[in-house]
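Letters A, B, C and D mark the chains in the order given here, with residues in each chain numbered from 1 onward.
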C-alpha cells in the first residue's frame, strides 16, 4: 500500500522520538525524515524501528506531505514557515501558534488550535495546526463540559494543581533533572500562577464559555518519566445527582476520552492516546465544588498522539489510525 | 548520665521505627521497650542501633516515664489507658484523641493537641498529648499565620492539594503499595473531601480563627518513600508587599519552622524535624490569592519528630533535644 | 475472521495479566476465559481491553484449544492435567514440567522445554509445553552458542550475576516488596547458588553441550518493575577476532534475538519479546574470558511472550503472530 | 572548643557536598572554605548547614590544616601541590595518587593509600593520603581477609559484578544520567574489564597477597541515588565450616566493618560510614567458591566518610570522630 510521507523536525527530543515511534507503527504513514541537529548522522532505535537523523537544515521538507515541528518554543515559527514554502502542511507542537501566544502574527483560521475533540471541524482544511500543550490538554478537556454548560459559578477561580513526569521538561541535560536530584523528590514550580501555559488555558477557557473565570495553576515535578495528573476544583452553582453525566454526554462516542468512576492514575493512561477523567462532589464544604481529576500521557495525548490525531484529519485518514487507545 | 526510660508501642511500623531510631540518638532518653506483636522476639537494626521487639501485652509499661503509642487508629485509646494506669504519660500518635475525633471522650485539657509551635503552653503539664496527623501538621502550620491575622476572605474555601510518600500509608502489605504498582504512578485518593484528617484540620482551623472557612483537601500518593508536600491556595482580602513577613513574624525564633524564598521540595526536609514553607502571590487572577507550599517529612515532623518535641516538653527537657533540625 | 479460543489460569498475576493483554492484541486468538480465584467476579482493565475473572474451578477448560497455566509452582501440575482431560493443549508457565524439576513424572517427549529458538522442532506436536523460567531464558539463550560450539574451557564454572525487576517475584503482598522497601535499594538473594532456577539452567546447559561446566548463579532484586539483566562470564579456550560472530551465526534470521555491539540495557527490551545479547573479551586477565550481557523483559520474552511464541507453534500460526518484536 | 580548620576543593560535586555536610557535624573540625568554580558566590544548604562557595583560585589554602581535594581525576594533582606549598596536608579523593595511577610521580611513602582499616599505620605521618575509589573500597575490604590468609586458588580469577547508584558518576549534566533515562533501567558499562578502577584494585590485590590472581570487574548503573553492591566470587582451596570466621578475625574491633549473616543491601549502609560484608559457600559446584557480597555508601565509606577517617588520623583525632557508624 502507498504510504503518505511525513517528516519530523526536532526528532531527538522526547516528543519527537515518540512521534517517530508512532509513525513507524502507523498503517498509512511513513517517515520521510527525522531531523535533529545534535544527533545528525546518528542512528537510533525507537521502539522496534530505527531512524537516522539528518540536520534540520538538510531535512527534505518538500518530500513530506505533513511536517511535525517539535522544536523549542520560539524556534518553531521559522521552520513552520519553511515547511509551508515547501508545500507541506504542518502540525506544530510548540506554543508559537497557540491561543495566548504573544508573538503570533498568524490568524486563527490559518492555524486552528488542535484540541481535537473540541475543535475538530477546523482541522481538516488547515495549513497549520497548533497542537495544544500537555497541561492545557489535560485541563481543558476536563473542564470544557462544565464551561460549555454554564455551570461554573460566575467570577469563580478554577483552581488547578497539576503534576508532570520529567519528560515534560524535555530532553535537556539540566543538573536539576538528573536522576539523583529528581528521585525521592517532589516540588512545585512556576508558583504564583506564572507558568507559560496559563495564557493558553485562559484564552481557551474564555472561548469555551468561562468568560469571567480565572485560571489559577500550580504545576509540580514528579519523579516519574511520563504522565500528567491534574486535580481541578471548580465552584459550581449546584450539585446534580450524577455529576459525571455532563461529561458522558459531552464526549459520547469519543474514542480517546474516558470518563471514569474512580480517580484515574498515571498507570491508566501511559503509552495510550487518551485523557481519563473522574468527577466528584466535594463533601463537607458549603460552596458546592466539583473535584475533577484528569490524567494523560504527556508525550502521547499531550503531544505526539494528539499531533497524529490532527495529522490524520489533515490527510483525510481515520482519526484513530495508528493510535493506541 | 542518667537517661529517662521511654517505651514505644507499635514499634515495627514506619513511625514506630523512626521513633526508636531517634530515641537511640537522643542524649537524655533510653528505650525501655519496643513493642510490636507481629515482630515479637525478633531483633531489628534501626539506623546504627538494634532493638528486640516484645509483644504489646508484654511491654513493661510501668518502666517508662513516657510511652509513645504508634498503634492503628482506634486501637490506640485502650493502650493509652493502660499506660496511664501504669503511671506513664503518653504521646499518642494515633488520631484517637485529636480534635475532630468522634469517639473521643477525654477532655481537651487532659489530652491537648500537640501542634507544638502553636500550642506549646499546654503540653508540659499534660497526661496525654494528641500528636497531630502528618497532613494536618503540614497544612495547619502553613496556614496558621493567615488565620490568626484574620487575612482570609470570610467564607472562602481553603483549597489544599497534597501529596505524600508511601510510608504515610503505614507498613502494611497491601498489593496497591507494592513497588511495581507505585513506581511510575501518581494518583489522588479520598477524592471528594473525604479524607479522615479533614475533621482534624477543620476543627483546628476554627480554633485558629478561620471561623467560616471550609477546608477542601485532596491527597495524592507519590512514588517516594517519605515526605509530604501541600500546595495550599487561600483567597485573601488584599496583597501586602511582602506576604511572607507575616510568617516570619509568627515563627520568629522557632528552630523547626523555615520560611523559604523558593518553593520547598521534599529533598529540603526529609530526615529533618522541620516544616518548610513558601508564600507567593497569584498573578493573573482578580481574586487576590496566596499560594502557600509546605513541606515536611511525614515520619519526622509529621510523626516521630514532633512526638519527641512533645515528649521533651513533657519531661522538662530542651524541646530540641535529640532532634535533627 | 474466526479466532482460536484460548484460556488463562492464574490470570491476575503479573505474567497472567501480560498474557491477557497480549492475547487481546493477537490477530488470531481470543480469550475464552481468564481465571483467578482471588479476583473472581471482578472486572479489570488490561491495556486497552477488559477482562472479567472467573474462579479457577469455574474456568470452561473445554472451550479453549490452548490453556496457559500461570499458577504457582507446585499448584500447576494438577491444572495442567485437568486441562488435558478437557482436550486442551497446555503451555505451562510454572516450573512443574521443566528440566530439573524433581517431581516431574511426565516424559520430556510429552512436555518438551519451550526455549523456542533452540528447541523449536518439538513444540508443534506437543501436548504440553514447559515454558522456560525468566532467568533461564536470559541465561541459556545467551550461552547456548558457546556451549554448542564447544568453546567453553572444560570443567570451568559459568558465572552469572543477574538482576530482576520486582514483577519477577510475582503479584504477592509481601512487606519486603513494598515500594518504600524496594526503592533506593538493591540486594542479592538466594546467595550460595541456591536459586530454584539453577537445576533448570544446569540441566539444559548439559543438554546443550556443557557436559562438565557448572553454573554459579547469584540473582539480585532491582528497584524497577520489569526486566532482567544477566552478566555472564565464561572462560573460553581462546579469543577469536570477532567473538560475536558465533552468536550471529547461531541466531541468523531469528526475529526475537538481537546481537548488539553495545551492552544492552533493560530499556532496550522492556515490553518487547526479545532477548538482546552483547559479547565482549575481557582485557587484563590471563585466562581468556568472555563477558556476555543478556537482557530480556521478564514478563514478555521471560514469560508471556515466549508462551505465546509456543502457542503459535502449537496452533500452526506464524511464530511471530501477535508479538511485539 | 577550638576547632581545626579544614577546606574542600570541588565542594559542589556529590562527594564534596557530602564532605561539607560531615564537616559541619564534626565535633572537632570547622570548614575554612568550600571551593567550586561553577558555584562561586552562591550559597547552598547542605543538610542543616549552609556554605558559600568561593572560586578554586580564591580558596585560602593556607588557612586550612587539611585540604580535601574532590576534583576530577587528572585535575587534582596540581591542586594537591598548591595545598602542600601552602602548608596544608591533603586527603585527595581523586585517583591521581592511587596505586596503579600511571602518571603518579610521587612515592608511596609520601602519599600512602588510605584504605584505612588495612593500611592504618602509614596515615598519621603522611603529607598526602590517596583516598581509595568507591568500587575499590567495596571490593578490597571484602577480599582482603582471603588474600592475606592465602586461601585463594593460585592463578584463579576473582570475579566481581558490582552496581553503583548514579551519584557515583558525579554531579554532571549528562543526558544519560537524566531521571527519565535512568529510572526503570539497569545496564553494565566499561564491559570487557576496562574500568579505570581496575588498575587500583589489581595493584592492591597484589600487595595484599593475591600475587597471581587477576581481577575481572564488571560495573553496572543502578536506578538509585547512592550505594554500591559488589557480588564477588572467589575460587578457594577448600571450604571451612564457618567461612565468615576469617573475616570476623581480620576485622575484630573495627567500628566501620560489619560482617553479616545475611547478604547486605544498600538500605543497610546508606548514609553510614561502613562496609557490610556477607560470605557464603557456593553449593552445587565442584570448584569450591565463596560468594562475598559487599555493600557501602559510595559517598560515605566510598568517598567522604573514609576521607574523614583519614583526616582524623592525620590530625591525631579519634578515627571515629564525626562519623555516622
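For this structure, a couple of remarks:
As a working rule, contacts are C-beta pairs under 8 Å (C-beta built on N, C-alpha and C of every residue); 3 or more make two chains touch, one makes a residue touch a chain.
Small disclaimer: the values here were computed from a predicted structure and weren't measured.
Each chain's centre was taken as the mean of its CA atoms, and the one lying most distant from chain C is B. The chain pair with more C-beta contacts between its two chains, of C-D and A-C, is C-D.
Our note on geometry: chain C versus chain D, Cα centroid distance of 38 Å, whole angstroms. Computed centre separation for the pair chain B/chain C is 46 angstrom, with centres defined by C-alpha atoms.
Distance between chain A and chain C, defined via averaged C-alpha coordinates, is recorded as 38 Å. Counting partners per residue, chain B has 181, 183-184, 223-226 as the residues that reach two or more other chains. Put simply, chain D touches chain C in their complex at residues 155, 157, 159, 161, 163, 181, 183-189, 191-194, 198, 202, 214-216, 218, 220, 222-227, 229, 231, 233, 235, 263-267, 270, 278, 280-287, 289, 291, 293. Of all residues in chain A, those touching chain C in their complex are 45, 48, 183-184, 268, 272, 324-325. Those residues of chain A whose C-beta lies close enough to touch chain D in the complex are 14, 165-167, 171-175, 177-184, 223-226.
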